[in-house]
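Got some structures for you, see below.
In the two assemblies presented below, chain A is common to both, partnered first by chain B and then by chain C.
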Partner chain A sequence: MTAVLEATTSTTVEAPRRAWRSFLRHRMGVIGAAMLGIALLVAAFAPLIAPYDPYASVRVNIGDIYQAPSAAHVLGTDDGGKDVLSSLLYGARVSLVVGFSAAAIALVIGGLVGIVAGYRGGWVGSLLMRITDFFLVIPDLALQIVLVAIIGPSLGTIIFVIGALGWTTTARLVRSQTLSVRERKFVMRARAIGAGDAHILRRHILPAVLPLMLANMVLVISLAILSESTLAFLGLGDPTVISWGQMLNFAFDRGAVSAGAWWALLPPGFAIVWVVLATTLLGTALEDALNPRLKRHHLEAPGSDVARDRTVPALVPPLAEAEAPILRVRDLSIEFDVGGRSLRAVDRVSFDLRRGETLGLVGESGCGKTTTVLGILRLLPPGGRVVGGSVLFDGEDLLSLDGRALRSFRWTRLSLVFQGAMNALNPVRTIGDQIQEAIRLHAPGTSKADAARRAGELLERVGIGRRRANEYPHTYSGGMRQRAMIALALACDPDVIVADEPTTALDVMIQAQILELLGGIAHDFGMGIILVTHDLGVVAQVCDRVVVMYGGVVAEENDAATLFASPQHPYTQQLLQSFPDLAHPDRPLRGIPGSPPRLDAMPSGCRFAPRCPHVFDRCVNEPPLYPAAGGRASCFLLDPAERRP
Partner chain B sequence: MTEQLLRVEGLAKTFPGRRSLADVLARRPAQPVRAVDGVSFELGPGEVLALVGESGSGKTTVGNLLMGLMAPSGGRVMLDGAEVGRLSARDLRLLRRRVQMVFQDPYESLNPRMTVREIVAEPLRVHRISASYAELRTRVADALTSAGLTPVDAYLGRYPFELSGGQRQRIVIAAALALQPSLLIADEPVSMLDVSIRAEILNLLSALAREQGIGVVMITHDLSTVAAYADRIAVMYLGRIVEYGPTRAVLAEPRHPYAQALLSVVPVPDPSFRRRPVILRGEMPDPSNIPSGCRFHPRCPLAFDRCPTVDPPLFEVGPGHAAACLLVEEPEAAAEPARRLG
Partner chain C sequence: MSGRGGYLLRKVGWALLTVLVVITFNFVLFRVLPGDPAKSGLRDPRLNPAAVEALRERFGTDKPVFVDLEADNPFDSQFTAYLGALSRADLGTSYAFRDQPVSDLIGQALVNTLWLVLPSQLLAIILGSVLGLFAAWRRGRALDVGALTFSLFMWSLPTFFLGIILLVAGAQWFGLPTAGRVTIGANYADVWEAALDIGSHLILPTLTLTLVLLGEYMLIMRSSVLDVFGEDYILTARAKGLSTYRIIRHHALRNAMLPMVTLIALNLGFTVSGAIQVEAVYSWPGLGALTVSAVADRDYPVLQGAFLLIALSVVVANLVAELIYGWLDPRVSEG
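Moving on to the complex of A and B:
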């Protein structure tokens, strides 16, 4: 399933193009960038736009002070009789210079501290992080006031003080990013190559950290501008330059409020809000686009997961049978919305599962096997939906159940053991507790004692033993956790268990234990099991029947003995040839050249045609649909019309 | 005896154990974790050795020791007569040119921001090997060709995310080959790959051994993948090699009960294949608490009275084939408990 999506969207956070597109999606970020751009232009061209030079000394008449806006002074005049608009435009220069310079200082300090703390670790890292914590908790403003008061208010002092106190968030961000990159395998590989720290930092760590630092810098700029305004407003600004905070300070100090001169107060306030808003919007958008941890799911909003309005012509006519299978999947088709397109991930898949039978669903990753079972369980991720077919469970169509009916159906009749499920246990509750919860959730009448007894029995059955019911998941090994998950799946006595790669991450001996357990359960409880796996050995060992999938369709279906003895589809044949077989160690192994088709580039004819050694012209033009092509495999070679000598 | 490329003698690695709060309060010392506990083997040029074991058997630690990524607590690793663990930082860098590693996860072990050209050239740049840009290009192209990525030009400018898992693993191999190493350590080189691709990668590794005389140590938990490719197999259990020998001999007639059990549970893609699986109960004990005597005895279906007290050495059972089990010396001792197997 994940592989399917990966194949179509190539989910690499790192690709610059993707980051750019993702940034453009943040409309607010674009607005912020535009607003900041305007502020920068104003600052750069202030001398050209401003009607007066606020730094020029002019003779002030008493009548010039606090003049209301007029044609000569669009925003009126201030306490010194100077043009407010001109001061405002010049003030942008100071605010932005302070903002950018202080942020640059903060970025350098924070970046160094973060990289060293993250990369070195150990006591150096701890010490640096404690220092960072110290700076984080002291009230910035109070310290800034004290420092500026001691050193004396000048523009340089203000920049230095704001920068030297504003690096803590950058340091923490950079450290956590460095830590995570340092642990990545490609850094380990670089070390194994023999690369030194300098090389690793330069080639591997910095490129991963820089974009985040940049995004963070924009946010630091906004804080710095705000700090400068605050300091200036409090009378700690550099008296020789005009900044927005300074303008506010003078206006307040010198009676603008009592004079009702709103034009001396509102414009600088508005300018501060403008720039801070611009940088915040931009910074947030950049961080969203670049920080993988904040990345949201890029698929479309979840709609209904079933939309069988598409016309998908059925391949299998409905048939009546005396002994109905517990699960009957007919023409199941599933699509994903990716980048505005609907891509068919599963195309008219049909199979039956009888009670007590174990069915293997096999194929390479990306062939749609997990998507198929997720569709059956109605657990498709957002953006995916069933567009056709039916899933009859004991005569009831699962695809037409509403949410409530579906919830009670899952687990009581149909439960799931999935890949890596051992990590899905709640770490802060005991195993026994979690099993009891599942029992009581689906059978509310059960008493606590009954539930506990049943949980004990289940743990006994899966070979854990009831004694360990009161332990927490972390005391269990990986194999035991997977057993606990099986106990959990059995809790409500389901008719069918879907096991998706249940042994993939486990050692061979543990795998053997789990497979023995699953086989025993199918036998003892008469349950149907769907086993999704890529391991043909596992299939041969435990499955009664096998469905081979390729490119979202059923390539071949048969009982296990026949399928392994005489595979019909060239894909099945090649898959078997590529699989190591300890019983016949002399048989040479051959891989299948090429890779499975991508969802967005499905061949129009047979999906295996590009990799098939027996391909002929009909395969390229026409899809051989199972079982229409005859036999139990979807291949034209089996069509009597194509039989050749 | 032919000239050996790699000689490992009594290799051991002990990690400081973790103490629980109770241990600290009771002033109990930490139990050291004996991850590797006396491992010896040899490897000639062009030979493929499979180090097989479950997780916790110490096989990955052996790989890291061979790479010089950590220092051994005991024993030595000799590469072409030089001892790996005792190298200065400068010599260690030279060693890295001789020993290269192929990692398990080709999705994670390539820097997503670098192109194929940069990735394969990186080791050459790190070791400042290529004098000229032209030479660098030639060596990168040679490495890619050796790894089966042709035509080379189709790959050079691409990023890892544009490549399939099998192609990515070939890039990892090409980067390792760029330095023309004499020893390749492949840690689970195919376990993350699709079945259909595994054979290609394993064929590539064994071809490199055969044609370029590179020694390959393949670390894996999967006996079936190495069966067709390894010249010799070493089965590890709890930090020690319990059986060692030519692949054919070990597969046809495993002598250690653990090797027998391991072999008996490997899934075989043939439903008609009949055998009696020996499914061991429980899991491998914690390496901070290694059982007395034979370390396998608590789980051994054939254990007898002497097993808890005698730590068996490797007994020769055939040409180049050895097993660390007392039953090799006294086969009749198993007569009684053997019935329990049925």
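Moving on to the complex of A and C:
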């Protein structure tokens, strides 16, 4: 499920967020760069803009000390009767020189350690990382104080000490980046054709690592500036130069607080904040731009996941049937907001699921299968919403349930088996505990013992055995986790189970066992099952009916036997040809060239037209929609009005 | 090794190794650099000849630094003398505070530092976790933006400068004491009065340190919670019909606390740095203030002892965090 969700979310849900956030970050980066630019200009032209020379020695008169701001001294005077503004402007030089030089040293050391540790690996790599770990444990400031105190507080010493202790984060970052580049295909290939280490490092590793290193350097600069000002405040600054930390040290130690001389304290303090803020903003923006971290968020309060205000012409006329199906989906349409546009991911999908029936929902990745299912379950990710249609479950419209009713509906009537059960089970709670939670949530009177007994029975039923109820998911094998997930889905005896790619990532033997288990359960408990899969072999094994989806619409629907015997839609035909057929083992396998359409580039006519071998004019101009086009597939070839040779 | 026992052993072993390295590092650092307590002590005019002779004896300055394979007893060296002294908790005698054993000085200072650091750490972790959780839950909303802005500003604000600002504000508007641990020369009528006095001295330093740590922990918790909210088991929990409150309480919180514990451990250096600065501003008689005054006094034995104690405390605190992690996460036997 993850893969499918990713496929849809990366292009749809997260995109507007990403655009907005990268804009925000970009703006923050621009502000940071501008603030840093101003600081650099001030540092460069300090002698020109400063009203006094703070390095000139003057005789101090008592009356000159801590003078309040005036026309002569815009920011007043300090403990030595000197102009605060002038010292402030000159102080920018020390901060920036120390910041940039120390960061450069840290970058060289950290870069070398990181690249060697990541590229060489082996004992050299682990030794280097152990050393890095050691320096991460030693508190920076304490060691800086000791070193500067022992060596002597000159500007050079301070730069060296800050740089020589500030490389650990860079080393870790560079190492992980080097590791990931080293394992990539093009590097493996280069190595396979005999490229030397120097070549690979220069051509492949460095270009990938350098941008991140530079972004990181900006952050290291902010740390170095903070360190320098802290050392200076603690009395370990170079006594021959004027720095902001030292100004604060002198003012604080020499009575500025009791003299109420805020002008001697606030300006240097906020000058430090200014440059640290500038470099932090810039560095964070650069890192994010180079290495965007997108995050799904399953708990984000959805604005509203159902907004059926559109007037979309229904494709299915309302019909009365003697026996209502347990689940009836009609003209379900789902849209995602992408960059201010609403993109239709699922378009007027209709199907029925009868009690005890197993329905296969088939198609390639990105065809809207999982989105359809999540829409039915009201579990769409933020940014996605149902814009039309209805989902009738046992006669009740799921799309109009409110929060409380929805919660008590979930799992008691309809439950889920996710793909890749590792992540679908909570790693820090036992399997039994997770099953009991569902039981006791929906039957609040159940005692702990009863719930535990029932959980044990369920685990027996899926072939795990009750003894393992108290174990954590990581002690289970992949197949067992999938079984545990099925046991969890059975916890509240639902009418329908939706299984989303339940056998993906399992080996063939285990796949067969899981399918057999699902089939057996459907039979024993009389449950309806919706099986979402891209694997036609799986469908042939267990499904009674099949819905084939393509590009967010239903391409074809039929009972399984008929569909496999005489597929109508060219897409179904080709899909069948791309799977091995046990009845005709000598039939050549053929893949379908091309890939499903992207949401933001949906063909205006038939969605399969670009890949269809039988395409003709009408297909490109007008969409054939099932079942309006007639027949059991959405294809003009089946339109009796269409006279084709 | 596997299982929890193996994890425990590995972590304790690594911590012991780190302790050894820290001790050796501490020895070498002060032996090779100009601040050698042995050499500087021999020249320090504040010491009388008898004390100098005692120093020469104690440090074994005529012996080899590490080993001398030529000698009768190859391990009779300055390093083994240092280890021997350490094992007797003998860290030498302070230059500045005559005749005061360094171990007494730094022991008292450590107690004072813990009085400051523990409440701040606890407050910051609790508040930071709660705020970080809410910020992540309401990602992109007003609370989140406010939390991020606060963290960014706290990060850019040097701790000592925040201390100065709060000191001025606290003294000006609330009349709070701004220096030391107790009112000098105070005569307390009873225990409550003493507690009140110490408590009022604690308010500003604790507030400063808490604010500094809070921004950091909030950011860590926020990104940790965001990671967990993206996990599939949260979707499972929603599909099961759990309310948002129950999902957060029973499924998200514990998983989010795991990286928090690790990152808090990794951030201990940050805590130490903050404590040193806060102590300097408020003249709080802890390890940080002792370190700074030892620098000013060129009191190298105290500097060496204080640094050793700071480094060792961080190693121990780190180990505690690792053990908590092992207790919280059933998967540790894997790694």
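As a convention for this text, the second predicted complex is superposed on the first by the 448 of 645 C-alpha atoms of A that agree within 3 Å, B and C clash if a C-alpha of one lies under 4 Å from a C-alpha of the other, contacts with A are read in each partner's own complex, and residues count from 1 in each chain.
The rule is short, and it goes like this: a residue touches a chain if its C-beta (ideal position, glycine included) is under 8 Å from a C-beta of that chain, and two chains touch if they have at least 3 such contacts.
Worth saying up front: this structure is predicted, and the values here are computed from it rather than measured.
Applying the stated contact rule after C-alpha superposition, one finds that A:Leu112 touches neither chain B nor chain C. By the touch criterion defined above, A:Leu141 lies against chain C but remains apart from chain B after alignment on the C-alpha atoms of chain A.
By the touch criterion defined above, A:Leu576 reaches chain B but does not reach chain C. Within the superposed three-chain model, A:Glu437 lies in touch with chain C and out of touch with chain B [touch as defined at top].
Looking at the shared chain after the overlay, A:Ala50 reaches neither chain B nor chain C.
Remark: chain A residues 1-2, 17, 134, 136-143, 145-147, 149-152, 222, 226, 229-230, 233-236, 245, 248, 252, 257, 262, 265, 269, 272-273, 276-277, 280-281, 295-301, 377, 379, 406-412, 415-416, 418, 420, 423-429, 437-438, 441-442, 472, 474, 488 touch chain C in the complex. Chain A contributes residues 10-12, 14-15, 184-186, 188-196, 199, 203-204, 207-208, 364-365, 477, 479-480, 507-513, 515-516, 534-541, 560-561, 564-565, 574-576, 578-593, 595 to its touches with chain B in the complex. Within the complex formed with chain A, the chain B residues making contact are 54-55, 67, 69, 92-93, 95-97, 100-101, 103-105, 108-114, 122-123, 125-127, 159-162, 164, 166, 172, 175, 179, 194-203, 221-225, 227-228, 247-248, 251, 261-263, 265-273, 277, 279-281, 283.
By the touch criterion stated above, chain C contacts chain A in their complex at residues 18, 21-22, 25, 29-30, 33-35, 137-140, 152-153, 155-161, 164-165, 167-168, 171, 226-227, 229-244, 246-248, 250-252, 254-255, 258, 266, 268-269, 272-273, 276-277, 280-281, 291-292, 295-296, 303, 307, 310-311, 314-315, 318, 328-331, 334.
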